[in-house]
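Okay, so chain A shows up in both of these, paired with chain B first and chain C after.
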Partner chain A sequence: MRVFFALLKKEFLQIVRDPSSIIIAFVLPLISIVIYMYGINLDAVKVKVGIWNNDATPQTRLLTEMFNHNAYVSSVVYDSRQKLREDLVHSEINAALYIPADFSEKLARGEQAQVLAVTDGAVANVANYAQSYISTIVQQWLEVALGKNNTAQPLVTVTSRFWYNETLNSHHFILPGSVAVTMTLIGILLTALVVAREWERGTMEALLSTSMRKSQFIAAKYCAYFLLGMVAMFFNIWMCVAIFDIPFRGSYGVLTFVSGLFLLTALGIGLLVSSVLKNQFLASQAAVGIGFLPSLMLSGLAFPVASMPAFFQGITMLLPARHYVTFIVSEFLTGTVAEIVALNALYLSVIALLLGVAVKRKTASRLE
Partner chain B sequence: MTDCAVVIQNLTKTFGKVRALDNLSLTFAKGKITGLIGADGAGKTTLLRLICGLLVPDSGQILTLGENPVTDKDMIISQIGYMPQKFGLYEDLSVIENLRLYADLKGVPYQFDRLLKFTDLAAFQNRLAGQLSGGMKQKLGLACALLGNPKLLILDEPSVGVDPISRQDLQQMVQSLIDEDTTVIWSTAYMDEAHRFHHTVVLDKGRLIYDGVPQDLAENTAAFENKIIDLMGGYQEHPSLIAEHYQAHLQDLPYTVEACHLVKRYGDFFAVKDNSFQIKKGEIFGLLGPNGAGKSTSFKMMCGLSRPTSGTAKIMGVDICQNPSKARAHLGYMAQKFSLYANMSVWQNLSFFAGVYGVHPRDREARLNEILQVFGLLDYRDAVADELPLGIKQRLSMAAALIHNPAVLFLDEPTSGVDVITRRDFWTHIRGLAKKGVTVLITTHFMDEAEFCDRISLFYKGETIALGTPQALKDKAESSSMEEAFIRLIKEREA
Partner chain C sequence: MWVRICALIKKEFIAFWNDPKSRIMIVWLPIMLLLVIGPAITLEAKNIKLAVWDRAQTLESRELVARFAASPRFEIVRMAESLPQLRHWMDTQSVQAGLLIDNDFSDKIKRGETAEVLTVFDGRQTNSAAIMSAYVQQIVAAYAQELSADVYPRVAKAAVDVEIRNWYNPNLEYKWYLQTVLIALIAMVMTLLLTALSVARERETGTFDQLIVSPLSSFEILVGKMVPPLLIVMALVVVMTVIVIWGFQVPFVGSLWLFVAVMPFALLSIVGVGLFISSVVRTQQQAILGVITFQLPAALLSGFLSPVEDMALPFKIIGKCNPLYYFINLVQGIFLKNMNWTEALYNLWPMMLMAVITLSLAGWMFNKRLD
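Now for the complex of A and B:
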């Protein structure tokens, strides 16, 4: 026990004296949460629609008016068809709506009248939004403009409500999810350097020539950085809840427990990389490459796992961040759901345990 | 064999294709200090690590304190004090924290009074190890190794880059702090040190070439060194090819290198107080002094790497502060640490430095081929710098410094950690170049090298305390050897 506490004390002294680990633990989450909060937005986008109206009647004027009374659309009416085309080509507007000369006439005769909506497909998701906004507004206009003539009630009406995130505010899941990505990075970065540093500075050789056991060495590393990592984790969650007002409906006890398991996996990856590579530069590069990037792209935070090909879905099962994202988003927005907690906690424990065993096997008890 | 601390039989250890130890059989007598000598890559460090159980042999047997270090490492490790080459200190922990850590790891009580007294570290207990001078780090490393009164003390080149005073202290420390039956294995590149030990073991290419009492080889250090060189295959004094190929276009100046009242101050602390000297063309000028005396700081100011607080230096009459790039064009600089690109090949490194020093692209190919041949680097043309033996690395650094035929050569501890034969060879080239008119400014901790200098400046606490020929300095200190003179002059100053 004396050896373990001596090593633990050494780790803490090194953390305190080396500002880089403090910066990683506290400045990194601050920067990343600000980026996720203000830089990333998956909500409905405001699109700009240009309208060329060749059929100046009260009815079409109402239609163009309605484009101005929508929260997600801003519209400009063009006099010149040429200019409209140019602006669409130069991405000044996201979509163009052409109303042909015989539009009202056809409508009055009861024939099918057509408008043309051209969208800028180069930015596919904005084009999607534009297309659906335009159809919706045209539908609404139809109800209003023809409502008086057409008194029949629609047979089916859909009332939609969004559970767990009533306003569909994407930050409510991005921010908790971002904790997973940030903590992966922090956990891995904190430990990726520490074993490699012992090798580079020659202290590993001195440690190995004492009666220290490697389990004591590993346990001291895990403990020291686990405590630092948990503080960083709480700091992160505190920023979500207290500063950015993300609703938290779950239990802090459960959150702490599962977050702890998740942190162990991240620390394990870092220690493994560090013990295998024995070089600080390589280890930090590898930490970003194998830790941070996959958890950013494959955790389901940025891109839904369900829409990935089966092969990649399989890979995500190995990623601690994927299970943690599932858990933390549900814990924040829905509250504690026993099955989700149990399943993800189980996955995380298994991964953490496997990594721990790998770290132990890869930690040298000799110089070769 | 109860009187042997370590018994080695038919020991072989290979790393890839390299045979580090080749069927070695050897014993280390109990209660004796044995000096372990050998060229770079002779297998000294490998042997020491095998004895501690840090490596596993390919074949053969080791008995360390009667146990097998491969299977029973845990049993013997508590009785071994091992000081690795890099000392194994935590630089971000203080002196006392390092001692406490190692005391905990070894399970011994916190009794440091005696160690702190002998190491003179009592006043620096709370200083971070990273901020200690080389000599102090070495003493702290030894103190950590001595915790728990080990039966076997293993020191791997503890005195690399350490000044003569600290080396003397270290030896006294070891002698007074160990018990009578403690065995010491001490690997070293200093022949004077090895000559003072009870026993000498010389390794060459993983084989034992001498095992006996140093006095049996020779009575004095200089003769001992020659005998050792003979054992290692001898060194043939030959004219330096490097010097022969040196193309001089030297101007005639009264002084080629001048230091004019150089001062470097950090806050209240004067690293260099008021340093002035002039060096003539073709002179070898040695800068000597203990660690932390300000030699490297002077050096850095003189080649324009650090800005003097006041004063300046002139290289070939050009002021380094006013016209640094023009002054540096006359200068070849070899830094203390290997400062070439470790992951580039020999050719790539040289080609890079040729470019940096402004060798015309048209002439570069021819110049590089000539350099490779002259420096004996043809076989290593495409080898990665990091994987070269130390002696070859050092030759490569020198090649890089000489690529543009500079008129002045600055060498900052160029032979630190280098074996005797390589050092001999190195000095052949230095003397050859000086004869051709190259001015050489050199720092060293080897006192035998100091004797090769034309003039010496003894530097202490930022000031020159003696300046003159080696003989003049010895006369001044009334000493027979340079080492004695060094220690006496500094102690006098201190008193």
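Now for the complex of A and C:
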């Protein structure tokens, strides 16, 4: 035990003396949460529509007007068809609407009039929004222009309600979810370099010549960075709740427990990378490669896991961030749901345990 | 001078290439990332698990339910019998959506009134909830239209048909967009890793002092440190592009020559950022911290998650000073939109400017360290 505490003390001294781990633990969550809050918005996308109106009547003028009455749509009327096309190609506008010369005439005769909408499909998600905004606005205009009685009243309508996040505010989902990405990065970064550094500087050899046991060495590393990581985690969660007002309906005890498990997995990945590669240069490459993109793209934060092909859904099961995103979003917005907590805690413990065993096996106890 | 630079470039290549673990990292890490992330991500909602609570149990209500069952997007997994039951399923994420049809559904339709059905969604998955709701609207609207046609066959309907064409990506395959973005993202991550750590590593092992006392000028050191990562990432971009074209079947409609010609200049801006980070830090840990502090905002604010135009002003400015924003524009523009030379230059000049600034700063910092 004395050896363990001596090692622990050494780790803490290293943390305190090198400001970069403190910066990782506090500045990184701050930067990323501000970006997620103010830089990312998945609610509804704003769309810019260019309109070419070849049928200048009061009715079509009302239609082009209506494209400016929506918070998510702005429009520009073009005189030249050529210019409209160019701006669409250059992504100055997201969609173009062409109103043909016979538009009002056809409507007056009670025929079906046509308009053409062209979107910039290269940015597929924005094009999707553009499509539906244009159709909706044209429909709204039709009701106004022709009077409600002339358009058929639908016999069935549907109302949508969103449980747990009634206003469908995407920040309620992104901010808690982002803790998973940030903490994966922090956990891996904190530990990825530490064992490799010992090898590179030769202090590992010094340690190996003492009476220290392998498990004590590993436990001291886990412990020191676990404490630092938990502080960073609380800081991150505190910012979500206290500064950005994300509703928290769960239990802090459960949150701490599962977050601790999750942190252990991230630290485990870092330590494993570090002890396998024994080289800071490679360890940091691996840490950034493994830590950032997969946890952002495959955890369910940016893209829904349920829509992925089955094989790739299987791969995401290996990703601690995926289980943690599911858990933390649910803990925040729904509250403690026993099934969700138990299942994800189980996955995380299994991953943490496997990583711990791998770290122990890969930590060389003697010089090669 | 060129002899010295060539010697340095050769030395850098050997440093990257001689260690088998380093080779694996340079070649397989980016390819693995592309292969695992590329085919997985999509914003569409598929296989939506739906629970139905049909209190009407009539011909019309069953017909509506059948529409959902027939849709490839929905999968009716359970029939609910009460609201708490549905709530419990939603809580535990056994279902993602619920469809509630009231007792008087058919009566209202027969009386010619509007019958309202209620759908509830799991708001925890905010992005797919909105998309699911749009799908429900479509299905219900289509059903309502058919009913109206049955009920009032002769009501004259003035209507506008909005014909929609999506250029460059007719079926709006979101994957085409993301897979081209992924090339740019991975290229950025690799460039930063190869450049930002290289000087820090030499500093830690003491070989940077040897470089400084050698006859190499700081400009020569800069070129020597710049060229090998540039060539390695260029090769990676080509391999990733081949995978995206043949593996993921994304059509490359632009000019391959233009793509290859602009790539080194585009990458140079990111090489510049990496070398600048490298020139100011002392340890590899600080270097990796620099990489993350640059890369996190660069990736998140590049516009692939939400458009730069929608961001609050300070973030919009950061977004427009972000080399990755232009890099994504270029890759995606040439790939999907057949961007021509002048449009490419329009995206290239901000990157060139960034390259000049960051590389001069890095060179200046090397110089300063020489004193």
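The rule is short, and it goes like this: the second predicted complex is superposed on the first by the 354 of 368 C-alpha atoms of A that agree within 3 Å, B and C clash if a C-alpha of one lies under 4 Å from a C-alpha of the other, contacts with A are read in each partner's own complex, and residues count from 1 in each chain.
Definition applied: a contact is a pair of C-beta atoms (placed from the backbone, for glycine too) under 8 Å apart; a residue touches a chain by one contact, two chains touch by 3 or more.
Since the model is a prediction, treat every value here as computed from it, not as a measurement.
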Q. So, A:10: does it touch chain B (first), chain C (second), both, or neither?
A. first
Q.
Output check: A:36 vs chain B and chain C. Expected answer is one of first, second, both, neither. What do you get?
A. second
Q. Which of the two partners, first being chain B and second being chain C, lies in contact with A:209: first, second, both, or neither?
A. first
Q) Is A:18 in contact with chain B, with chain C, with both, or with neither (first, second, both, neither)? A) both
**Q.** Touched partner set for A:281, first chain B, second chain C, both or neither
**A.** second
Q: May I ask you to decide whether A:2 touches chain B, chain C, both, or neither, giving the answer as first, second, both or neither?
A: first
**Q.** Of chain B and chain C, the chain that contacts the larger number of chain A residues
**A.** C
Q: Take the contacts of chain A with chain B and those with chain C, and give the residues found in both.
A: 18
Q: Over in the complex, which chain C residues touch chain A? Could you list them?
A: 19, 21-22, 25, 29-30, 33, 36-37, 39-49, 64, 87, 90-93, 96, 108-109, 112-130, 133-134, 136-137, 140-141, 143-145, 147-148, 151-152, 155-170, 172-174, 176-177, 185-186, 189, 193, 197, 201, 204-205, 283-289, 291-293, 295-297, 299-301, 305-307, 309-312, 314-315, 318-319, 329, 332-333, 336-337, 343, 346
Q.
Touching residues of chain A toward chain C in the complex: what are they?
A. 18, 20-21, 23-24, 27-28, 31-32, 35-36, 38-46, 48, 88-91, 107, 110-128, 131-132, 134-135, 138-139, 142, 146, 150-166, 168-170, 172-174, 185, 189, 193, 197, 200, 277, 279-282, 284-289, 292-294, 296-298, 300, 302-304, 306-309, 312, 315-316, 326, 329-330, 333-334, 337, 339-340
Q. What residues on chain A touch chain B, complex-wise?
A. 2-3, 5-7, 9-10, 13-14, 17-18, 201-203, 205-212, 365-368
**Q.** chain A contact footprint on chain B (complex, rising order)
**A.** 49, 52-56, 73-74, 77-78, 80, 82-93, 97, 100-102, 104-107, 128, 144
